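Next come two complexes built around subunit A: one with subunit B, the other with subunit C.
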Partner chain A sequence: MNGYGGQILRVNLSNGQISKEPTPPELAREFVGGRGFGIYFLLKEVPPKADPLGPQNKLIISSGPFSGLMIPGAGKCDWTTKAPLTGGYASASMGGHFTAEMKYAGLDSIILEGISPKPVYLFIDDNKIELRDAAHLWGKGSMVVEKILKDQYGEEFQVAAIGPAGENCVSFAHINHDYGRQAGRGGVGAVMGAKKVKAIVVRGTKSIPVADPEAYRKAGLELFKACKEAEMLKEWTSYGTTIVVSWCDEVGALPTRNFSAGSFEDGKNLYGPVMRQKIVITDKGCFGCPSPCGKYSRVQRYDTYVEGPEYETIGMIGSNLGLKSIEDVAHANYLCDEWGIDTISAGGVIAWAMECYEKGIFTKADTDGLELKFGNAEAVFKLIEKIAKKEGIGALLADGVKRAAQKVGKGSEKWAIHVKGMEQSAYATHNATAMLLAYMTCDVGAHHNRAWAITYDLQVGRERVAPEKVARVIWLQHFRPMFDVLGGCRLQWVELGIDRNLYLPALEAITGIHRTWEDLELVGERIWNLARLYWMREIDGFDRSWDLPAPRFYEEPPTSGATKGQITRFEDVQKLLDVYYEQRGWSPQGHPTPQTLERLGLQSFVN
Partner chain B sequence: MMRLYADSSKCSGCRACLVACSLNLFQENNPKKAALVIEAHFPAPGAYKVRVCTQCGACAEVCPTGAIKINERGAYYVDMAECNLCEACVPECPESVMFVRTELADTSWKCDLCGDCVSVCGTGVLWIAETEAAVA
Partner chain C sequence: MSATIRPFGMLREYLRGEKEARVEGGQTVRQALASLGIPPEVVALVLVNDQPQEKDYVLQEGDVVKILAVIGGG
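Our next item is the complex of A and B:
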């Protein structure tokens, strides 16, 4: 099938059975690839109310039609599953070279099913596919394992591995690849660990067929040309995502001490140019990327190498924990990567614990003797390990901030910064209504990448609660995740500002199917509604209360920084939801109406 | 004579050049069939090394069938119909960018200086210029 690997690989870990089936052409037509495939298999194949860590849950790994082709940033891989962190939908996007290698091996999706009786890794070398013993890898760090497997099999093989946190089913364990690219959010690494799969090793040497090779080559070269001619290319490539640290600090969006403020008095130590000068040793790109945001660093003080830190980690592990040194942030990043936990959730849950300590709810008796004050880097390093091992206070924090706060109580739920159980990523949203709504309604919990609307807030007036703001968020929620469907990266559009219409002739030449952006955004809307149906199916009583943000954003105006004294009123939070549901064709409780499902042709997904 | 140059210090390891190369050389999307190499040295020291053809011609000198010829760009290329897969050229290449992988192709292959790798490289690693010998 043009533009595809052509096959779906199923690995039943319980009985060791490995099978392949052709990728259904109608699936490719309707859901295109990536997270479109993911939500389809999740809804159709994982039974309702499955235990995320049980044998019924599946880990669905998908590439898209752009993956592995001559398209800028064609290295994005989707990992869909039922999330251990939230009990709802997880779709984590991972960069690097894994998705391209999958396609060269002829695979559009890899579906891991069941639970292996013993630790294994999945070995894929074109058509040779085996489960191999991983006893010697179990307990090791994710990057240590990657190095062992690359040394054993060679540079052409790509590796995705979990760390000890994944083995221990930490609810926000990630999957690490290419020494620093992750499928980070929702606990996808815990699902892999529960299945006793330490790693996936893949090499493919097949060619990916395309419908019109000459038109595809021409369209691909046009896309690269546009990227290379973009005014922002040089500056963006110098700093990657850290380019926004200073801006966020200035406008009050940089999460500081558990989101109690949006500006950090020591923020300047964490800005992109400081990092570039102090620790970065090379740029590091995902497959086919002309504008690599990856910055690979060496921290001499700790003798560690790490990809990053990128913006999210600087925000969540840096300012949000009060850490003042980029070296400390980078080292904490390395520890999270090696132990195998998501830096965003780690920053969220540790910040909550620090606030508990500073407010006297925790004493040293609760923290295994750690002085859990904001700014204490050594305590952060130790906590990361404790979380990964589920040791002492780490066992509490390993459940994520929502459950930890429910367990501890004493009002600490108020400063548990999450939506739907997922720790909010690194944009403080005290007075940025579009970004706040984006977090409230994001399909996996409080994550930024579906609708990055913070710049729009600044553009049109941050406190405004206007229908056009809601419409913008909805459009972003359909458009941006289409890159996760296509298996490409959105940042050439977001950051370099290339014309999105340049992708269309490429997609048509690759797949042989003519599509407009309106067609693709409709696919995005269908996926968005299916994710909503999944939450409704899995969580009894799922209603609009699940879309509310952390109270901090409507009850506690920051006492310092650019957003000092600013807040979104609770009635405006509710109004945002009312308008959002109405524009989506959802009920006042946030459920897609039968008419909406009919319009989108999704009735078959509802019993 | 022109050749391809690479500044490895600018490489981010994205491999866009490899897929562009295979597409031009074989009309296929398959970086395993590219005529240049990116080595990734991670986690330490954290660097990429790019190996490219210098158009030195050592491969052509030893080719018993005369399959390695000079094209309109002045570059050595493999006339795929005339390659007999003897592999005599492979050990002669000082950069290890002369390829025979019979599981992938029924011919040897090398850089023919098409320039598509240069077109897709976003970080300025690759460029085409006169060989040192010609400059001297």
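Our next item is the complex of A and C:
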């Protein structure tokens, strides 16, 4: 099938059975790939109310039609599962080089099922596919494991591995690849750990068929030419996502001390140019990337190397924990990567614990003797390890901020900053209604990457609650994740500003199917509604209350910075939801109506 | 005394498609942006003669200031 590896690999870990089946052409036509395949298999194959860490849950890894081909940034793959962190939908996108090798091995999806009786890793070398003993890797850090396996098999083999946190089923454990790229959010690493799979090693040498090779070559070159000629190329590549740190600080969006403010008095130490000058040693890109935004850094003080920190980590581990030094943030980033936890959730849950300590709810008796004050970098380093090991206070925090706050009580739920149980990523949204709505309604919980609407807030008036803001959020929720369906990177469009229409002739030349952006946005809308159906299926009583943000954004105005004294009123929060549901064709409780499901052709997914 | 402001990408819309604008020196980048009708808060990065600077930097004769917008985030 043109544009695809052609096969779905199933690995039953319980009995060791490995099988392949052809990728159904109608699946490729209707759901295209990546997270489209993920939600399809999740809904069709994982039984309702399955335990995320039990044998019935599946870990579904999918490439898309762009993956591994000559398209800028075509190194993205999707990891879908039932999320241990939230009990709902997880879909995590990972860059690097993994997906290209997976596709060269002829695989569009890898579905891990069951639970292995002992630690294993999945070895794929084209048609040679085996479960191999991982006893010698168990307990080791994710990057150490990557090095061991690469040394053993060679550079061409790509490795995705979990750290000890994944083995211990920490609810926000991630999967690490390429020494610093992750499938980060929702606890996908805990699912892999529960299945006793330490790593996946993959290499492929097969060709990927394309419908019109000459048109593909031409369209691919046009895309690369547009990237190389983009006037933002040099500056974007120099700083990557850290380009926004200073801007967020200026406009009051930089999470500071558990989102109690949006500007950090020591923020200047964390800005992109400072980081570049102090610790960055080289740029690092994913497969086929013309604009490598990854920054590979060395922290001399701790003698550690790390890819990053990215903006999200600087916000969540830096200003949100009151850390003043980029070296400390980078070292904490390294620890999270090696132990195997998501930096965003780690920053969220540690900030909550620090606030508990500063408010006297925790004493040193609760924190294993740690002085858990904002700004204490040593305490952060120790907590990361404790979380990964589920040791002492780490066991509480390993459940994520929502469950930790429910357990501790004493009003701490008020400063547990999450939506649907997922810790909010690094944009303070006290007075940015479009971005707030984007977090409230994101399909995995409070994550930024589906709809990044905060600039729109600034352009049209940040406190306004207007239908066009809601429409913008909905459009972004369909459009941006489409890159996670196609198996490519959105940043060339988002940051370099290349013409999105350049992708269409490439997609047609590859798959032989003519599609417009409207067609693709409809695929995005179908996926969005299916994810909603999944939440409704898994969580009894799932209603609009699940879309509410942390009270901090409507009850506690920031005490300093650009948004000092500003919050969104609760009635406006509710109004945002009303307008959003109406525009989506959902009921006032946030459920897709039968008419909407019929319009989208999704009736077969109900019941 | 004058300096040149050179917006990138969508920031050009504020100059109605012009590639650059001349501004008086002796004022801050922030003031110069405001005088051109460019809201300083939509500018993510300021490069003066290719070196990162803050918006409070005071413009010198002959400075070339590149300004980049935040387009779409990570």
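Keep this in mind: the second predicted complex is superposed on the first by the 607 of 607 C-alpha atoms of A that agree within 3 Å, B and C clash if a C-alpha of one lies under 4 Å from a C-alpha of the other, contacts with A are read in each partner's own complex, and residues count from 1 in each chain.
By our rule, a contact is a pair of C-beta atoms (placed from the backbone, for glycine too) under 8 Å apart; a residue touches a chain by one contact, two chains touch by 3 or more.
Given the structure is predicted, the values throughout are model-derived calculations rather than measurements.
**Q** After aligning the two structures on subunit A, examine subunit B and subunit C and state clash or fit.
**A** Overlaying the two structures gives subunit B and subunit C room side by side.
**Q** Between subunit B (first) and subunit C (second), which, if any, makes contact with A:Ile281: first, second, both or neither?
**A** After superposing on A, A:Ile281 lies in contact with subunit B but is clear of subunit C.
**Q** Applying the touch criterion given at the start, work out whether A:Glu155 contacts subunit B, subunit C, both or neither, answering first, second, both or neither.
**A** first
**Q** Applying the touch criterion given at the start, work out whether A:Lys359 contacts subunit B, subunit C, both or neither, answering first, second, both or neither.
**A** neither
**Q** Determine, for the superposed model, which of the two partners subunit B and subunit C contacts more residues of subunit A.
**A** B
**Q** Is A:Lys49 contacted by the first partner subunit B, the second partner subunit C, both or neither?
**A** neither
**Q** Which angle, as a multiple of 10 degrees, do subunit B and subunit C span at the CA centre of subunit A?
**A** 80
**Q** In the overlay, answer first, second, both or neither for which of subunit B and subunit C A:His514 touches.
**A** neither
**Q** Between subunit B and subunit C, whom does A:Arg301 touch in the aligned arrangement: first, second, both, or neither?
**A** neither
**Q** Working from the superposed arrangement, determine the closest approach of subunit B to subunit C, counting only CA atoms, in whole Å.
**A** Result, nearest C-alpha distance in the overlay: 17 Å.
**Q** Could you list which residues of subunit A make contact with subunit B in one structure and with subunit C in the other?
**A** Looking at subunit A, the two contact sets are disjoint.
**Q** Using the touch rule from the top, collect the residues of subunit B that touch subunit A in their complex.
**A** For this pair, the touching residues of subunit B are 9-10, 12-16, 19-20, 22-24, 26-33, 39-40, 42-48, 103-104, 116, 119-123.
**Q** Can you list the subunit A residues touching subunit C in their complex?
**A** Its residues touching subunit C are 231-232, 235, 239, 241, 243-244, 246-247, 250-251, 271-273, 310-312, 448-449, 452, 454-455, 458-459, 480, 490-491, 493-495, 497.
**Q** Give every residue of subunit C touching subunit A within the complex, in rising order.
**A** Residue list for subunit C touching subunit A: 8-10, 39, 41-45, 47, 52, 54-55, 66, 68-74.
**Q** Spell out the residues on subunit A that touch subunit B in their complex, using ranges where they run on.
**A** That would be residues 68-70, 72, 75, 97, 100, 104, 143, 147, 155-156, 178-179, 205-208, 210, 213, 217, 220-221, 224-225, 227-228, 233, 237, 281-292, 294, 296, 298, 305 of subunit A.
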